[in-house]
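Each of the next two complexes has subunit A plus one more chain, namely subunit B in the first and subunit C in the second.
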Partner chain A sequence: MRLRIVSIASLVPLAGCKGWQSALDTHGPGATSLEKLFWIFLFILTVVWILTMLGLLVALRARRDAATDPLAVDATRERTMTRTVATLVGLTAVTVLALTGFSYAYQKRLFDRTENVLTIKVTGHQWWWQVDYEDEQPNRTFTTANEIHIPVGEPVRLKLEASDVIHSFWVPSLMGKMDNIPGRQNVIELQADREGVYRGQCAEFCGWQHAHMAMLIVAKPKAEFENWKNQQIASASPPSDDAQKRGEQVFFTSPCVMCHSVRGTSAGGRVGPDLTHVGSRLTLAAGTLQNTRGNLAAWIVDPQRIKPGTNMPLMQINPQDLDLLVSYLEGLK
Partner chain B sequence: MSEAYAAPDPKELRDHQIGGPELTARLAKTWGTEKGLLGALSTVDHKIIGRRYIITAFLFLFLAGLAAVAMRLQLARPESRLIGPDLYNQLFTMHGTTMMFLFAVPVMEAFAVYLVPLMVGTRNIAFPRLNAFSYYVYVFGGLMIWVAFMLNIGADVGWFAYVPLSGPEFSPGKRADIWAQMITFTEVSALAVAVEIVVTVLKQRAPGMTLDRIPLFVWSVFITSFLIIFAMPAVMIASTFLILDRLIGTHIFNPAEGGDALLWQHLFWFFGHPEVYIIFLPATGMVSAIITTFSRRRTFGYLALVLSLIATGFLSFGLWVHHMFTTGLPQLGASFFTASSMLIAIPNGIQIFCWIATLWDGRPIFRTPLLFVLGFFFIFVAGGLSGLILASVPLDTQVHDTYFVVAHFHYVLIGGAVFPLLGAVYYWYPKIVGRLLDERIGKWHFWLAFVGFNVGFFPMHITGLMGMPRRIYTYLPEMGWGNLNLLSSVGTLVFFFSFVVFLWNVVSSAKSGAVAGDNPWDAGTLEWATSSPPPPQNFDRIPVVTNREPLWAEREKLPVATGLSVENRELIVSTVTEARADIRETSPEPSIWPLLAAIATGVTFIASIFTPWAVVWGSAIVGVALIAWFWPKGAKEDEA
Partner chain C sequence: MKLLPFIICLGFSLAACEREKRDFRTAPVSEESQEKTALVSLSPGSSPPEQEVSGKARSFEGNAYHLSQGKRLYAWFNCNGCHANGGGDSGPPLMDDRWIYGSSLENIVQTIREGRPNGMPSFRGKLPDDQIWELAVYVRSMSGLEPKAAAPSRNDDMHPLPSENRMPPSSPVPGGSASPSATAPQ
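Now for the complex of A and B:
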């Protein structure tokens, strides 16, 4: 264990709250207004705390001598104290009222709805996110997983559902969280003001792999987004070289097809993430691993080591076949 | 004022006919507990049971603390492989469940069981056999869940056990059933104690203890008891529904069959929020008692403090939705709960200001109990204020279910309940044990706890804002949470160590502490009017109360009421508001049947995890035990 005292000290002040998944490092109007509200609250509350502590400190001086009967009170002092306490209680009420007012104003702004926006259904599963892009034209809808691409500067509507237990969709740098609840649908809107990759993570305890249930939001300019969308709508590209062709054979003769879909082929499993364009994704296993050849192979060989309890089973596969399978999956761009 | 309140029966020896050591000895024989194992298990003395309750609750505190240490070791580094997800989920479930259900609520009730009869000046708690029963039921519930954990069938769905995760489909096996049944055990015992406290306070107060002379600690546990009576049934219903879903195939929480997953959350938090005040209100009573004694001044704003307790009690039932702001409830409805949650700052503010005013006009004596109360101010006020952030619907969407919340409620519960509780242990230990705790070790204990706590828990506010969710067993190194988590782990370990120091103090002072005498702090309330530890009868003659702080008002000699039997367990039943002595009433004798009834109840509860038929045959054996327990023996007063 490395004790990095210097960096610990530098992280303690709130100024150090930057980060990939920080509610104080915001890049969208929702999260930015929440950050502003947070600083308003924090300022007022800190002032209240400091004043209370100062009051307590002043109170600790002895103001009666040891001989005084503890039951004796001075009527004038008692009146002053009553007035002071009553005033302080009044001030508390005013503060609380002000905070409630701020809160309500920001709440209305946060949950305003825009019409005719890109709508994406995000379904929580143990322990990954299914992402369905909706479109008025049914042939332009498609399914992907754990990675949500959005156009920069536009509000996007997310319909949140769950297939098994309760999950909670949370990308702190863009927007507050909202639960995915079985049997219900919740809706939030979020927007990214800048190009970038934003990380989010399930926030409601959902079982063994709650810790490894992340997703990425990839915000890119409108044109790039449309390109990506068209590419995602397309079926899987057929294997291009010999290794990929033999890898496809491995895929179709192994248990993979029982759970996973590859559009344009006969693989139509609905239990696990859609793999049609898995090769183009940034991460594997719901934001747990970088999408590299080595990680992909490690994940296929022993998913239970990386995510103990995951629904992906341990699979007997020989090294040659594994190599071919990885080539095939990598080719699914 | 030593007049007899009832015409004495000439054949029976009464407490005005003898006096001095003879009276003490005879009463001690009448009210005492038999020697031997059977005697120990049959006892109905509230002090013996209260002491057992306190020790058991602290044992559970240590167990839950060990679970916390294990979690902090795992979280100290990113991607640590010390503890896997299975064990981690059990650990945080055991930690939360034990702290809330087996430590915090029982320990507050335990102090009430020990202190209330002494503070209101009576000889025993109302329904003393029920009291014994409640202790045994509590022990069995706690044993069940911890034995299950040791056998690796520990509950792993969180102390809140949200459905559908805790339902039959996603938690096969017996883990969630054990959790749900533990709730039933502890709720039965909590409800029993609540009823005893309500009756003791309303009907057994010493003559002259009018409503406005009731000590604030007694007021606080009295209000808390009503909270328990109204809040606990909600969670009992919830856990029963869960068991029904899991055991006999109902679909109360199954959305696929027309059930509702959110119903659980409403029922759970309708209990869960008042629960926080069930823990906190008795602590405010402890704070009031300690501040009054160590300020050398009567409490400022007694009426305001009592009314604040009542207001907090009422308001606590109107806040539960603030645990559900991210479930997508209608926005206007949710914002109502923002307002009500913020409103509770007002009665809490009144309490804080009245205490500070008492200190201000007093002469603070900085002994360990007061130090812990000052620590309470520092930590609890911070925690209460960060609660206002959680009360705001929009802000809650960012901090809900993150380490910010973990920091907040540890500030509230450790600052608001554990620090006053530790102060209370230092304050009342001499009464219970007869010796004072060591002051030097006490100061070490305080500073280690205070520094360890803040170093451990303050950084969690920041890790939460940096996006760290609760209940994750590990995190990636690139998240940047590693250093803050390491700091939290170091701090919480220091905090845990402070409890080892505390344990050392408690154990060593029991043998070698300074002898306390009746009233080592020169306090004003009745529990200090008797010897330390008190005799089985509590008081040789029942005191008559003329002031809120009777021992400060009557420094020479406390007036007493006489006429109670020396040979039978008699106590005074008084009127509700003015506490005029009303009738003499006999208090139940020791009995082994509460233990046997608790065993029957425990067998029924545990067996019903495995077969619903246990409820049927279990009712029969519980019925037999209860018949034996209540078998009429013909008390003397009835024959007359």
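Now for the complex of A and C:
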């Protein structure tokens, strides 16, 4: 009975092998070479483990003749022993060298650099990701948060920085892991070979809400990507109906503008995520909530309950104002 | 006998608990403590000016968490846009020992909350009260008025001035001191 529970429980982790955030379900060259490396290591080390266990078993089973004198030296036996040990030491050295060689060969790919590719700066903050798309023309750069759209099948260069403590950027299905370190810039390339949405997460403990610091990578065909980019470059769309107009008023008279930017308006805070196109994002608060009207309202009313310790404070907003505010933010597509 | 010094030393370590103490859920923006401060040391009669403070200062003074948080907010809310890194720009220097509106924590809190007539904006209703206190206690550390053991140490980027825990202490000024413009011949 107990055995059955244990064996079922040990199968559960296998569920982690598939899905949008798995190093064993890979769709990019970086992650794929790491996955291959994983299987090679797993195979070789399993063989080594089985051989070691067999050796142990043999040693346990071997029976020594009680009659023979333990101090007697048998020259032929000594020679075979020396040979066996030398062979095993040699084999160990070869295995270690082979594993080192494989590691080098496969990890080298992670540091490939392609010229003239889309470059994105990703800055880790406690506890969200700022995403700056670079471009040769300054008027085609823009900022967003927690969601990175990329053209499928093309390498994209990421410049990783941090503003407060060390974070680590990791999308297991697409790339290797790389730290964001305050005061320096690390560079890594990422490529998605299949359309889709991939999830990544901060992989370096960075404080209270470290567990709620995820990001999404959305890989789409080049043309769709360009459309998305043009739409993000545009300033915020002006409020279209009366509720949104009044919501904008509430936004500009609340503390929101201290921390958030809405491009094309006077809101220019740089403490929190850029809200210019917040309505077009899939999630809120670094992958913590689905982006729905209800969740948006819940977040604004009490961010400290959803993500205790987050740097967005509790503000008192009366229900009518909240409703208008949410209409305004939803309209920022 | 040998155990006694050990236990005493262990007891000392309890003092460290205060250094990082904080509330995990702070009051919303728009709630504030009541502080009545004096801006001049003059008052009618022989008694000093009347002051009434809420006592909230106790949980902020010498608290390493609030001090480092204040340092972060100082840049976030663009205090450095007017006061630079404490050396002063369009706003007066904050690292010296001249205090136009008083150097006590309550005085500085009131300065940030209410703003001051010669160009200091008011942050009332914009920041939660605790953040204002954090900013204020950090402003005090800039002129060495906060204990070395709690004041922020090195910066991650270039150092424009010695870190806050190495600032020479400025002499505390009760109430306010006259601003340079007020002391100049009229």
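Basically, the second predicted complex is superposed on the first by the 297 of 333 C-alpha atoms of A that agree within 3 Å, B and C clash if a C-alpha of one lies under 4 Å from a C-alpha of the other, contacts with A are read in each partner's own complex, and residues count from 1 in each chain.
The rule is simple: contacts are C-beta pairs under 8 Å (C-beta built on N, C-alpha and C of every residue); 3 or more make two chains touch, one makes a residue touch a chain.
Please read all numbers here as calculations on a predicted model, not as lab measurements.
When the two complexes are superposed, the chain touching more residues of subunit A, out of subunit B and subunit C, is B. Touch criterion not met for A:114: it reaches neither subunit B nor subunit C.
In the superposition on chain A, A:20 makes contact with subunit B only, while subunit C stays out of contact range. In the superposition on chain A, contact of A:45 is made with subunit B only, not with subunit C. By the document's definition of touching, neither partner reaches A:141: not subunit B, not subunit C. Once chain A of one complex is fitted onto chain A of the other, the partner contacts of A:84 are limited to subunit B, with no touch recorded for subunit C. Of the two partner chains placed by the overlay, neither subunit B nor subunit C lies in contact with A:235. Contacts of A:304 after superposition: subunit C is touched, whereas subunit B is not reached.
After overlaying the two complexes on the shared chain, residue contacts for A:314 are found with subunit C alone; subunit B is out of touch.
With both structures placed on the common chain, the touch criterion links A:186 to subunit B but leaves subunit C unconnected. Applying the stated touch rule to the two superposed structures, the overlap between the subunit B and subunit C interfaces on subunit A comprises residues 164, 182-183, 308-309.
Contact residues on subunit C toward subunit A in their complex (touch as defined above): 24-31, 72, 76-77, 125-128, 131, 156-157.
Interface residues of subunit A, counted against subunit C in their complex, comprise 164, 182-183, 255, 258-259, 270-271, 304, 308-309, 313-316. Listed in rising order, the residues of subunit A touching subunit B in the complex are 1, 3-4, 7-8, 11-12, 14, 16-17, 19-24, 31, 33-34, 37-38, 41-42, 45, 48-49, 52-53, 55-56, 58-60, 62-66, 68-71, 73, 77-78, 81-82, 84-85, 88-89, 92-93, 96-97, 99-100, 102-104, 106-108, 110-111, 126, 160, 164-166, 168, 170, 172, 175-179, 181-184, 186-187, 199, 201-211, 288, 308-309. The residues of subunit B lying in touch with subunit A in their complex are 76-77, 84-86, 89, 158, 162, 164-165, 169-170, 255-256, 260-262, 296-298, 300-301, 304, 326-328, 331, 334-335, 338-339, 342-343, 345-346, 349-350, 352-354, 356-357, 359-364, 374, 377-378, 381-382, 385-386, 388-389, 391-402, 459, 462, 465-467, 469-476, 478-480, 483-484, 486-487, 524, 547, 549, 552-553.
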